[in-house]
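Labels A, B, C and D are assigned to the chains in the order they are written; within every chain, residues are numbered from 1.
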């Protein structure tokens, strides 16, 4: 397996040249575009890795998976999905139009920005600091990684440049979908996106989902049903508006982030974390996707 | 003429029952729905009025006409229209979708909220207070009414409930169409909407436009070309997305506000101010429009 | 006046180089891009002309003005405007999206293709041949030009390439806005667009509107109210989605066609016909517009 | 298993009252709204069924799965997906707007009407009759049901009422995505939707996909890769714009039709056919979905 991963990294490294690093946030543009790393964890406790597996990067949109689980724990499935849908939107991740043109004003799903902002608004806590800390603690718990922390420079960068997200926040507020203070909701959202991780953290998140919400100790943190909702949404909406093509090519519940990360889940078997900061035009890690496609062909692990 | 106006008020008073007072801003909902008043000023210095002509109401969207003139004076026609278009949008006044779906990201015209917010962002001044004061002073100058002032309760109400406008502001900021601080721009915008006027103030604004930018003293404040731009935009976009129907029915450059006001211009002849807080479904004063249609039939003053 | 026109033609001839001839219909692409001609008729029976005033071209969208008048005569204003709106759409002339996304499924106005197809479906007659002949006869009557006839090559070309119009026709049929046979409705529509005219024909159409529906003999063919509706729609929607900018620049009720024609109306005074087959990006005659703007500055004939 | 199915039919029968039979095609409105039937086929040759399992109904949109496989066989994957996408659209199945507003003019996926019409245009044959016969023969082959035939009354009904599909066809023609004669393409499309089936036919289609393109004899008709593409598209887009919610609730590759049918695939194990003509607001069989959700809970067969 390790050899396979080493071979894969080498083979797909050149694909990184076809994309480019995210530049809408100045801090993200500092990533090394040719980086490519992978971490695989299986149910028997084995760990395999290759390439730039230990580079730090911010979790970005992969955090949407984490906040969704906590919001459902905090509020119940019914309340959460009364404020955000379960369906693919067919539009780019930062699009606002569907909020206005759709008969239902709620965001289409929790994987696009508008939906994730609504989800963040539902995290419970006595104040904004407490809410974020609860989210960070939950993230540490399920990834069994107590070292997780905020990357302040990226957070600052997000805050300064996040006007489209701010626009969505106020739109959702005007529709009474967000009930609290918009700036506080955005603080949580921008902070959750700015948590530093490595491919190992992300692979653990994948394994947690693969094991239907159980830690490596066997302790169940969330119900299988919640993980099933999350994994389904990852399949249908996890890779922005190229989720459909990704499902054909890779066929695993996955979620990408513009920081370069991808988490993939092989149900009941493995969690995979990838780092590949060079992005395609839709904002997905370009070499990470081709590597995962190749790996799935080798491992014959597709769910379809 | 006075008799005609008295007759008109009486005749159209019952139309007020077909609409309802704006309720999205709590303060506006306190208006008396059956109020109906009119003020007509002509070039010879005659003044005619009837009904609730001396009630105070906030100018709301009629202020878009005033801020547009000042923004062109401050920045020149070219710069202003590089940031906002001249074309009808076909969408409701508070719509955001065109900002995203259109190939040109700038708002369609200065009469819809998004466009007017951009215009407000271009008023010059050392700080936000100075900018608003310059706008208020300009409004006083062209309406020859030194008593104009802010209605603080309405302004507070606007600020608290203006999240859709806030959403647009941040969207325009993210597209670099607004360059300054969004909250400051919105402060100016909300304040300009919250200036108290009477039908006489509004009629004076109409006469100023009818006289191609000249005061009653003959002094030219803005060029005929700027007034032509403003009057044209009033015809094509002044009554929100029912501007086309209004142009057929009334046929005068006009601008409405959700406070119940309408300013109408009979080129080279008259300025008309109407107050009619009961609104139709598109946000236009319902009895004010039927009154103006009837009056135009009598006066044979249509421009078409 | 003749000298002024000659000077104008010479001055704006070079503007033709900035556009290009319509090529979506093969026959139209055969026009000479540098052609530029004008014809002016006034109420005293004077005729002025210059440039390529006697070239034949197909009337194209200018026919929408003619069919609208006949449809109102045939069906009454109320019925016609129950099936087509009076408001600018803010979208390109051949756009279909608003038919679906708008709460009102009817086309926004009779000047965009979808609206004009609905109007054509309302022309009365025993069969499709009779309907078109009635339209052609009406066109001959109001332009006092008995020589008007169909350009069969252009008609054939329209039919073969008109699939977007066909798409709209079937959409409108599915919404029950068109009640008859779609192919027959399109036959009328494509034929009305394919009538050959010269600038003189078009100037006569303008004068007919300027005189509120009266022929040169003084005979009233349609009511002033119908001409007012038509002229208003020309101002707000006559130049596709640049109607707003045109209204500022030229300020006369006008309608363009992709064949290169423009009809303009100086109320109570003149009718103007322009031929300028080189089009701008929105499908309007590029040199024709700049010529009209210049001419209006000279004649001081703006309605605003 | 048979007992389980009988119990399920009885339990979910009352859900049929919450929906209603399709009425946009007169023939479809004749179905009995309380009908509910199911057929299950497994790899060992076992057959289980209950309820109205032997009622005939037209296959409608489930045929999109069949035509897609044949079109890929005829043209290759690359050519097919150059004309139709692989991504969910987020809009209703008969929506036209995305064809215009999207930067890519091709339909989002082969499961919405616009995409399926493009797919039908790619079926090979010497003439329209041959093309449809090839499609029918292929359908017979993979369902091992030589009795399949066209329901002429439904086909006639489809042709007469299919103007929205006709509208899409001409739009796609105008964009050069469809190259042939639109009426012929629609004939194939309307006919493929009008093939009579029973739940058994549909269950066989499901088993064929479950077995990665193999008949019960073991003969491989299409490659596993093609079936994977089809199954993935069924998950992400198979239940119109409620595909996301369905994936959470049921979690099996499935495709519904307005005739009341649903095909579901349990990979490597079973094919399921359901008949439930009472539809929910999005056009999906309402009792069929609740029955499948319940059954999947019992069988623990979800892919997520």
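By our rule, a residue touches a chain if its C-beta (ideal position, glycine included) is under 8 Å from a C-beta of that chain, and two chains touch if they have at least 3 such contacts.
As the structure is a computational prediction, the values presented were derived from the model and not from experiment.
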item: Chain pair with more C-beta contacts, A-D versus C-D; value: A-D
item: Furthest chain, CA centroid comparison against subunit B; value: D
item: Computed distance of Cα centres, subunit C from subunit A, in Å; value: 54
item: Averaged-CA centre spacing for the pair subunit D and subunit A, given as whole angstrom; value: 32
item: Whole-Å gap between the CA centroids of subunit C and subunit D; value: 46
item: Contacts with two or more other chains, residues of subunit D listed in rising order; value: 101
item: Chain contact topology (line, ring, star, complete or other); value: ring
item: Partner subunit A, residues of subunit D touching it in the complex; value: 85-91, 98, 108-109, 228-229, 231-233, 235-237, 241-245, 247-248, 251, 253, 267, 302-304
item: Touching residues on subunit D, where the partner in the complex is subunit C; value: 95-97, 100-101, 163-164, 166-171, 173-174, 182
